[in-house]
Amino acid sequence: MREDQDIDYQEGVNVLREHAPVAREKPEPQTGREPLSLWALFLCSFVLVVGGGYLGANHGGFRMDQYTVRGYQPEDKPPDPYEPQSAGEWLPQWLAAGKRVYANCAGCHQGNGMGVGGQYPPLAGSEWVVGGTERLAMIILNGLTGPIQVAGSMYNTEGMQAWKAQLSDREIAQVMTFMRQSWGNDALVSDEAGGIVTEEMVAYARNKHGAKEANHVVGDLQGFDTPLPGAAVDPATGKPLPGGGGPAAAGEAESEGDEAGGL
Amino acid sequence: MKPHRYFTLGLVLAFGFPWLVLVVGPYAAMRSIEPVPYGESDFESAFAPENSYFPPGRAGLVAQGHRVYAQEGCAYCHTQVIRPTYAGRDRWRDGWTGRGPDWSGDEPPTEVRETTPRDYLGESYAFLGVQRIGPDLANAGWRITDEEAMHRHLYDPRSVHSWSVMPAFRHLYELRRRDGQGSDEALQLEGKLAPAEGYEVVPSAKAKALMSYLRSLRKDYVLPGSGEPGSAAVEPATSGPAVPAEAAAGTAVP
Amino acid sequence: METKEAIIANLREEHAEALARAESDRSVRLPVLFFFTNGLLWLLGSSLLGFVASMKLHNPDFLGDAAWLAYGRIHPASTNAFLYGWVFQAGLGAALWIMARLCRARLSGIGVLLTAGHVWNIAVTIGVAAILLGEGTSFPWLDFPAFLWPVLLLTYAVMAAHLLVLYRARRSEEVFISQYYLIAAALWFPWAYLTANLLLHVFPGAGVMSAAVNAWYVGTVLLLWAAPVGLGTAYYLIPKIVGKSIYSYQLALAGFWMLAMLGGWTGVQSLKGGPLPAWIPAVSGTATIFLLIPMIAVAINLHRTVKGNHHLVNYSPTLRFATFGAVAFNLLIVTGALLSLFSLGRVTQFTYAESAVHFIGLYSFFTMTLFGAIYFIVPRLVQCEWRSGGWIRFHFWFSAYGSTAVVAALFLAGVSQGIDQARPYEGFRGSVEVSSAYLVGRSLGWVFIFLSNLMFFFHILLMVFRLGRRSGQATLLHEMEKELSAHGVNA
């Protein structure tokens, strides 16, 4: 473009010229007229009140050695919904938690534990559920593929998924306890732990079997119709019974559940 | 004064006032905070050895680890703040706690106190953090009891927690030929992660420094004179009488 | 009835005005185009990095596990590239042009300015590369390694000095509100930058106070650089387009001084409840709440200025972008104030919600307003018009949708994350999983933003190479009806 063809973009407003008179003038004499609408003033006063209240509540005396508001007392710890609210209630809470975990399973095994004929095995009256906890834990941790006979019938679905990545030791222990105490299974269970599976027991199972890459087949479960080692607990408190008892003491079991995500 | 001089003065005052009162003044005033000694009443409650200070000195490769923590951007996902209860529920967060004043030794800890400025003595910059994409690390030092497991977590977080979005810090670890029985520090990796036969994965110097730093993160020592009941909040005799905290470099973790 | 002499005098005066404008434009052409094109390149680059960072939070193995792609490196790289590469350059470019116009002055020392600009870009490149290579400091918005801050400070000072030189060279004593905002921003930023870097790198102090100074710096960049430059630009562009004067000049001045007095106090409220003397974050939070007052002033002013001409938003790209930015400014202040409160902070502090506020400030407000400025300024520098209104529409809508998606996703993710983290007995897993879906939405938003800016970059490249439309009429977003076009739109 040549120099003398400067395009003027028809900018009609010279902003400086418009406002020059105002910018140039000395302050207006006070006339008491508000330039702002009243609602805007109310809004601003409201802001001032809120801001001032905020400062008043939180300033901590404007001291360099006061790190919280003055008079701060820590609140009481809220109650732990997973802990029994009153003495003697540990087991019902544990079962309730197990029922919640079971929601993961009910899709196939159904809410009544009856499964779907020919497709998903029942859990009610199943020897795999009421028998040794080790093989039950193996099934839940690593999943199962291939045919399996349950309560006299053969089942051969595409397979059950491994749950070790989704469920923590605590959750698996809860759902195992729930299954062993529901649908009449409590009458069929007979072990030293009283049908209760603890987190410690599942941790042992995960340690021993959790590294397996692929699903189990029923052959893997041979020889594991054994109870998981772990201290027997008092159903009222969930604490190990004094005087020991329960299956053989656990080895180096991790106690940190997957779910807690401690770090 | 000409109008633009008023204008410049106004600009300088408008910014200079908060600059002085909010930034420079408090910064200068806080430079002088130092460890405070525990008093007699604290000794009597049998948790603070005599001549000890709050906070106790931090042992280990703290400064180097602090640098690695910065370089990897850990502060963008992790905070190191426990807020008072009117600001948040960090005190009781399952998994963020350490051995707080309630700890009696045989149960999981239940709560920690809110953090104070002295808890960060020894660090040139306190990584208070901006977000909790990952858990708070203010008391991580109490929780890391198994270094090898923690190294495995850094090496491949999703093998420990399948839902984790933490980056895999592979570059902090070295793959090297195993020497006979293999190093003590080698990570116990299984399955797909395990190195080839005859090789092992060991933490590099940076990983070790970072681990040392993480294990030094303890922010619920009892405050002097607070009248807290006896607790094992201070490490027992192995660390001896503590000295006033300085940015500790040097000795390996005991 | 004007006399012939009066008419001729008037015409001469207007012609002289037009010539003066053209001269100012010609003098700032090179540096302004340099800053705009480089800035846009950085915008593209940082959007790409931002997209990867966003993906990493719901798909951690996206693009593998290379060290430089880890979230802890790529997120600060993207943030710093966006800030120092795009925000500052675009702001300086627009400021130079507006200042030259308003001061009716010609910019001199172009060579020095361009050299400084090159050095700035090189320094930012080195800084971003350093962060990716693992030499970052993890100081939010100050991640560049320590050796770079003097370079950036010096180059900024050189560039801002040109603004001051223009200001001193102004022909008249009258000062327009935009000049106030731009000079103020030019002065405050280096002061804040110097302070923050000196205290963080050179003079060690208590660790927690360093974190507080860092948080203060973030607040000053938002409210004492981005806000003044954005508002100054909006105050120039909006009256220009609609052809009217600002509704109340006293209100504009009042808003400016209130922002000036409050902005320097903010920033530390993000550490409320933290290990600091309680009054420090409390004062910051109070100032953030009080900022609602200048926000109301600005909102009233701009709204009343445009009143009756809202339909022009359909036609003028500049007005559309600037209006979006002005509305976003309100959102920035409101959300900032809300997040200062402890009642909301229990759920939003240390969550994604806080980065949503920063994003609103830097993108939805500042960037969109600067887009409006670029659409206005560039034709006046390259003597041709934007090629296609359709492309501008694409740019606007994809940017608008993308940024809204990012903001909404971040708020929702933050609140859901915060609610989950407020349950003391749940595992941490819950907050990771519940926010994951929203983070996917955020990544999608970044894709939209990247695409829109790719289009814009292509468009501006055409303009820079003088391949725009040859026309005296502005490129509008839609065809204007005859009656409206009689008034003309400055676009």
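Order of writing sets the chain letters: A, B and C. Residues in each chain are counted from 1.
By definition in this document, a residue touches a chain if its C-beta (ideal position, glycine included) is under 8 Å from a C-beta of that chain, and two chains touch if they have at least 3 such contacts.
Source: prediction; values computed, not measured.
Peer 1: Which chain maximises the distance between its CA centroid and that of chain B?
Peer 2: Between chain B and every other chain, the largest centroid distance is to C.
Peer 1: Pick out whichever of the two, A-B or B-C, is joined by more C-beta pairs in contact.
Peer 2: Output for the comparison: B-C.
Peer 1: From the mean C-alpha coordinate of chain A to that of chain C, what's the distance rounded to whole Å?
Peer 2: Centre separation, chain A to chain C: 40 Å.
Peer 1: Report the inter-chain centroid distance for chain B and chain C in whole angstrom, where each centroid is the mean of the CA atoms.
Peer 2: Taking the mean C-alpha position of each chain, the two centres sit 35 Å apart.
Peer 1: Between chain A and chain B, what's the gap in Å when you average each chain's C-alpha atoms?
Peer 2: Each chain reduced to its C-alpha mean, chain A and chain B end up 25 Å apart.
Peer 1: Of all residues in chain B, which are in touch with two or more distinct other chains?
Peer 2: Expected reply: 26, 30, 84, 86, 89, 92, 94-95, 114, 116-117, 135, 161, 164.
Peer 1: Would you give the residues of chain C that are in contact with at least 2 other chains, written as numbers and ranges?
Peer 2: 173, 175, 272-273, 275-277, 283, 342, 424-425, 427-429
Peer 1: Quick one: which residues in chain A touch 2 or more of the other chains?
Peer 2: Touching at least two other chains: 64, 67-69, 77-78, 260-261.
Peer 1: Can you check the complex and tell me which residues of chain B touch chain A?
Peer 2: 26, 29-30, 84-86, 89, 91-92, 94-95, 110-111, 113-114, 116-117, 135, 137, 140, 143-144, 150, 153, 160-162, 164, 190-192
Peer 1: For chain A, which residues count as touching chain B in their complex?
Peer 2: Touch residues, chain A against chain B: 64, 67-69, 72, 74-75, 77-78, 165-166, 211, 213, 258, 260-263.
Peer 1: Would you mind writing out the residues of chain C in touch with chain B in their complex?
Peer 2: 56-58, 60-61, 65-67, 70-73, 75-76, 134-140, 173, 175, 180, 183-184, 187-188, 191-192, 195, 199-200, 204-214, 216, 224, 257, 260-261, 263-265, 268, 270-277, 280, 283-284, 342, 345-346, 349-352, 354-355, 417, 421-429, 431-433, 436
Peer 1: Under the definition above, what is the set of chain B residues touching chain C in their complex?
Peer 2: Listed in rising order, the residues of chain B that touch chain C are 3-4, 7-8, 10-12, 14-15, 17-19, 22-24, 26-28, 30-31, 33, 69-77, 79, 81, 83-84, 86-89, 92-95, 114-117, 119-135, 157-158, 161, 163-171.
Peer 1: In the complex, go through chain C and note every residue touching chain A.
Peer 2: Answer in residue numbers: 17-19, 21-22, 102, 172-178, 236, 239-240, 243-246, 248-251, 272-273, 275-279, 281-283, 285-287, 289-290, 292-293, 296, 300, 340-342, 379-380, 383, 424-425, 427-429, 472, 474, 488, 490.
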